[in-house]
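Each chain gets a letter, A, B, C, D, E and F, in the order it is written, and its residues are counted from 1.
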Amino acid sequence: MKARIDKFFLTETLYEYAKLVLFGAPFDSTTSFRPGARFASRVMRAESFGLETYSPYLDKDLSDAKFYDAGDLELTFGDTKQALSDIKAFAKKTLDDKKIPFLIGGEHLVSLPAIEAALDKYPDLRLIHFDAHTDLRDDYLGAKLSHATVIRRAYDLLGGGKIAQFGIRSGEKEEFVFGKEHTNLHPFNFDGLEERLKEFEGRPVYLTIDLDVLDPSVFPGTGTPEAGGVSFTELLNAAMLVLDKSKVVALDMVELSPHYDISGASTAVALKLLREMLIKLCM
Amino acid sequence: MKARIDKFFLTETLYEYAKLVLFGAPFDSTTSFRPGARFASRVMRAESFGLETYSPYLDKDLSDAKFYDAGDLELTFGDTKQALSDIKAFAKKTLDDKKIPFLIGGEHLVSLPAIEAALDKYPDLRLIHFDAHTDLRDDYLGAKLSHATVIRRAYDLLGGGKIAQFGIRSGEKEEFVFGKEHTNLHPFNFDGLEERLKEFEGRPVYLTIDLDVLDPSVFPGTGTPEAGGVSFTELLNAAMLVLDKSKVVALDMVELSPHYDISGASTAVALKLLREMLIKLCM
Amino acid sequence: MKARIDKFFLTETLYEYAKLVLFGAPFDSTTSFRPGARFASRVMRAESFGLETYSPYLDKDLSDAKFYDAGDLELTFGDTKQALSDIKAFAKKTLDDKKIPFLIGGEHLVSLPAIEAALDKYPDLRLIHFDAHTDLRDDYLGAKLSHATVIRRAYDLLGGGKIAQFGIRSGEKEEFVFGKEHTNLHPFNFDGLEERLKEFEGRPVYLTIDLDVLDPSVFPGTGTPEAGGVSFTELLNAAMLVLDKSKVVALDMVELSPHYDISGASTAVALKLLREMLIKLCM
Amino acid sequence: MKARIDKFFLTETLYEYAKLVLFGAPFDSTTSFRPGARFASRVMRAESFGLETYSPYLDKDLSDAKFYDAGDLELTFGDTKQALSDIKAFAKKTLDDKKIPFLIGGEHLVSLPAIEAALDKYPDLRLIHFDAHTDLRDDYLGAKLSHATVIRRAYDLLGGGKIAQFGIRSGEKEEFVFGKEHTNLHPFNFDGLEERLKEFEGRPVYLTIDLDVLDPSVFPGTGTPEAGGVSFTELLNAAMLVLDKSKVVALDMVELSPHYDISGASTAVALKLLREMLIKLCM
Amino acid sequence: MKARIDKFFLTETLYEYAKLVLFGAPFDSTTSFRPGARFASRVMRAESFGLETYSPYLDKDLSDAKFYDAGDLELTFGDTKQALSDIKAFAKKTLDDKKIPFLIGGEHLVSLPAIEAALDKYPDLRLIHFDAHTDLRDDYLGAKLSHATVIRRAYDLLGGGKIAQFGIRSGEKEEFVFGKEHTNLHPFNFDGLEERLKEFEGRPVYLTIDLDVLDPSVFPGTGTPEAGGVSFTELLNAAMLVLDKSKVVALDMVELSPHYDISGASTAVALKLLREMLIKLCM
Amino acid sequence: MKARIDKFFLTETLYEYAKLVLFGAPFDSTTSFRPGARFASRVMRAESFGLETYSPYLDKDLSDAKFYDAGDLELTFGDTKQALSDIKAFAKKTLDDKKIPFLIGGEHLVSLPAIEAALDKYPDLRLIHFDAHTDLRDDYLGAKLSHATVIRRAYDLLGGGKIAQFGIRSGEKEEFVFGKEHTNLHPFNFDGLEERLKEFEGRPVYLTIDLDVLDPSVFPGTGTPEAGGVSFTELLNAAMLVLDKSKVVALDMVELSPHYDISGASTAVALKLLREMLIKLCM
């Protein structure tokens, strides 16, 4: 009779044999509307026992996937720069060890340091962004580092023509204008994804998935639900397409705020998407 | 540093310059099943900060729309006649001032006095009704004034052939029979809306939207969820069609019961629909 | 002025005139993830007042349907065999009295004794199974009697080729392999249902509906939500097809866990499906 | 194997042998702040299975108490006069049949018709009132019949010096002044109860318990929680004292709003108090 | 018929006639455990309609108290320094206008800039601190500005012997040692308050009340509930004593996190304490 | 930057150096009323980060206590005998390794196998039992192994005069009679505890704490709340007394059902009690 401590899907792969490293970044200090994304990684880890490891979509089993669960980073709330610096350090180490970092947010700002770490290693990096929101503000109530500015900051780093956004249905007018000019902003759904993937072919890609790209009926557990989103199958297919057609070197999944959905369905949706991506990436 | 008091979307238009007046009617005394629609306007107002003012659907910004938020009426619970009379007085004043009254319920019965006020001013009024329920009972447990009788009472005022109902999927057999004969009842969805709008062309129209016309997956925050409803996009398109093709002189949105959806998604759906309608009506 | 005690839809049919007997089996002791299905029948009964008895789909009224509500069985928690034995005894009596037993779970294991009782009376029984999960494990953490093994146990009783499964999207690899060989497992949706019904034509059929076959957006109130499920209309149509095309002699509806959906929408979905089935079966 | 339908504490006493009749009045239409007391009797009935029938306080068992559960009255929401009239008719019948009516609210206004019925039979009636609120307004936003005016209306019926109020800690200044002059208002706790009971000795007494007299820590499940209330033991002792020292001919317990306390503790508190009172009254 | 916008207790006093200014600081970015204090001022304002304005404790009415509700400051999340600077500016203006600032948090860190503003005006300031936690850490995970360091930062500003802490029952060992040496830390309750007030007699006092000083049974709606706290009456009496015996020039009430108490009792407790303090301070 | 996996209070003591072993038994299959105790150990572990390790009561720090967190046992639901056998095996191993097993339930039945394991090693074992319920039934709906029979089963093992029960306020009449004769049942509170401890002096003691002995105001997060319980301080003092005055060789804490208290206060109460006991036992 052995007792057990929670790990994502009870994985027992050792760090040195892992192809990919999952880690949580429980941070939501810049969330302006409703906080709670800090709880995502812990709740996902605990609920991951409720999900089968076998995928009937891919006819493969997660127990054969080589990934390591590094647990959650211990981040300072209220000191945004320190928190981002700690995330970057962890992502960098993972990349240095030739593994794919897979960050579980937290609010969307946590993606920025992981993108930075990937860019340091892969100067030719492309960014694929699924989200309901543009996240292209230059500042938010004066703050340059915010969940609402994260893709703008990524643009500052990567430069024009290297970002593609999908599913976007909310933002300021200026953001949509900016997106049209600089970031290949595709509104409402995934139309145009295949074309972008062709353009990005052969380049290293960072994939950032803000789960609020999903319709709130499918994913109510998020801070800022936006009506009119994509279905689970649409998101799953789009994510699979990215993983199939491009060379993803780092990725993340953010903005699950589990306490806003007591049914647990939002967490279950996030976990199923995670399972499919892990199988695709680690086998 | 200025502190702020809640107003819908932080609007600062003065009453005299407004084309439309929003006001809340927090009343749900006749609700037979689960009360709570009284909280809708206050919660919507508070949550309206979480929604962008820009519409990517219409490529316009709500901050350019000229509407005024009059706040919530203070209504007596348990004395239905007094409450309805107070609502009518407010709607009448708005109409007298040549503005469009946009009532936020409350239960569906609050529409009745607003319809009356509009009819007083526009004797040739037509009524367009989106709902899951017929609301055509002649009485409900003996009461003539009830959320379940509101469209029947409106029929008593307007007369035959002047009402069109859409999305209906619940009611007593007698109500469906009555609807077939007297109110152009269109079950389940918006089929036939364009034809009706053509018929009503040039006439003043009152549009009443019971938000439970939406499928409960999209809008669980209501007192009587009815499976098998329309999607957010279907409702948005239908509402836009009415505003485009007819002369809406007064309107309402009722039956959000926000506490039954702790995710806030139902409130967010109501607010997005409201934003689109305000932009369409006030610019 | 008469006071009233809760019965499903306030039915007043006497047992002897009933064609069908509803009864609750509030048991969820083997639920491994999140318990709560024990509350389903009681909450459904209480909420059934909120649903109209008239069906606009079938243009018939439940008040004309001859069914009896026998209330809830009082079952021992923790002593699985005793509980199953009590359920079987009740189902047997109903069948002996030439009525259709309609069991409201509870977790899915409660179906097993009802299937046994039906098989005792109809040795040529076929089983139609709607579910997100295969439920085909041979044991679950060593236990042979479990929500996760119920269809495998049914297979042990009925034998090969007599079971058809639909909507399945979760399970272990071995279960899918087993299903392919022995149980006509149809993944994800209802494709192939008509063909199966033709094969089963003329045979007595037991229909078991695990409501988690529905997408969690439609039905979040369940213990193990699985993304990627069917819509309410798809399930309703599939159930109607089974009732139309085959001779259903017993049936059940299981795995509503009402407290996980405070909006009440999941309970409302279950009740509407129940209403349609009762009208179809008892008129 | 017998199935069962919910009754309070599973009582099986027949009406004709009962000394006391429990009945629910699920009405809360005049509630101005947060509705929900309509759900009290149904939830209490369902949860009553969780409570032992034996009282270690009294060393007696409720199963020996002769009371009948008449279920819930079906009341019209929004038509206050009709609802009150229906309650009065039921209470009158109970009294005519020489039984003690024990009403479970609902909001506090439901006490008024029961008091009226008792007064019709016992013209010398006294009223003992436990509550956080005075309920002595002459009108509430213009309405004469309201949860906030119920004791004032009772005063109109009974006259001066016949009412005693305890535990009161909230009201308008005018109400406290009125109470001091006309109703023996005892603020904050039960000081003075014994003296009042001596005064009322030999007279018929109606006891009305607004459960919000309890401190919100003990009883959070109510519409208007008021800090600074009495403990469970204090309330239990006070109620027992009244039942011991006076001739209670009718009584009620109101203002449990169960959905505001998901722990169920408020419902459990109400049920334990109910059990003790039933044992005291019916044995 | 006039519609209304939420203000605390519907106050209509103009700024220039007010003796005291209420304002909300909805900030909780440094909260390390469970965020949500940002919602306190808005929920309190909305719920303040449920509380009577008359105090039976003081036999006075809040409608005679001269205070102004300035609404909520709009603060940047994630940029702690900017937020604190904005709070200080507002508190300073209030003090410059010769009014008492009464800040409603937010997390406890928001007190710091208000204390600074008071100290700028009253160099001889004393601080009285009610709390479950010492808040005396020198840094928290490296951050100098945190809810857990706020009283230590206040000590840095005021110096030794000028702070008195009461009700403290949680902290690191080092904090208790520091408190014993530098801040007159009184553990568990209000013992010693009168003595401290005598020492502080004649000096300007800032009173900061972290509501989690209350026992969680009375006040569950807070981020970090600590068993073993004081009762409502004890806190009310202690606060009244401070206001009676010392010259309070500024004050605050922090750490209500309303969503953790769906009963609303915690909000009601905060509002009743607020009412009593406003009456005491403004009449 | 190191990431972390949840352990109780982040303890890092190795098993071999530990004096005491914490382990979770997430089992609640026999719970008849409201399940959920299975979630206690996981939620407690996750929330333990919110509690300071320093005790101001004992002036000691938990970080100096030598205990090991073994995680949660993986138990079969629905097969009670197997689950109990697994618990016994784990407790036995702990005792064989000369460590104190401290079991975190789960429902109360999980105590039985731990008591058995302790009795096997210490044949002269005494049992001290804090609870709201007698738990002395001989069977519950026919089941001998149930949360409601656990102390009766313990009596079968230990024999007369070796058990002392405190705080009891609920049960069947027969249980109270049995308790009076055989188990030193002390109703309502801890009166008599010192005397019993003197009697038990020098004997090995098993201490079982059903947390529902606490008043529901303090501890609403449990399956069967019983009004009229003890305060946190009373329980803490009683537990400290037992640990001070007797030789506790094994112990447990059961029946926290965390989802029934969304404020988290119940979990916090359990954790604070746990901290104090760990410090007392391991230093």
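We adopt the following convention: a contact is a pair of C-beta atoms (placed from the backbone, for glycine too) under 8 Å apart; a residue touches a chain by one contact, two chains touch by 3 or more.
In this text, all values refer to a predicted model and were calculated from it rather than measured experimentally.
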item: Length of the shortest touching-chain route, subunit A through to subunit D; value: 2
item: Chains in simultaneous contact with subunit D and subunit E; value: B, F
item: Interface composition of copies subunit B and subunit E: same or different, split at half; value: same
item: Label of the chain whose CA centroid is most distant from the centroid of subunit A; value: D
item: Centre-of-Cα separation between subunit F and subunit D, whole angstrom; value: 38
item: Touching two or more other chains - residues of subunit D; value: 74, 215, 217, 261-262
item: All chain pairs that touch each other; value: A-B, A-C, A-E, A-F, B-C, B-D, B-E, C-D, C-F, D-E, D-F, E-F
item: Touching residues on subunit D, where the partner in the complex is subunit C; value: 1-7, 23-24, 42, 46, 69-74, 86, 89-90, 93
item: Subunit E contact footprint on subunit F (complex, rising order); value: 49-54, 56, 59, 61, 215, 217-218, 232-233, 236, 261-265, 268-269, 272-273
item: Residue numbers on subunit A that touch subunit B, as the complex places them; value: 33-34, 168-173, 176, 187-188, 215-217, 220-222, 224-228, 260-262
item: In the complex, subunit F residues that touch subunit C; value: 28-32, 35-36, 38, 74-80, 82, 109, 140-143, 145-146
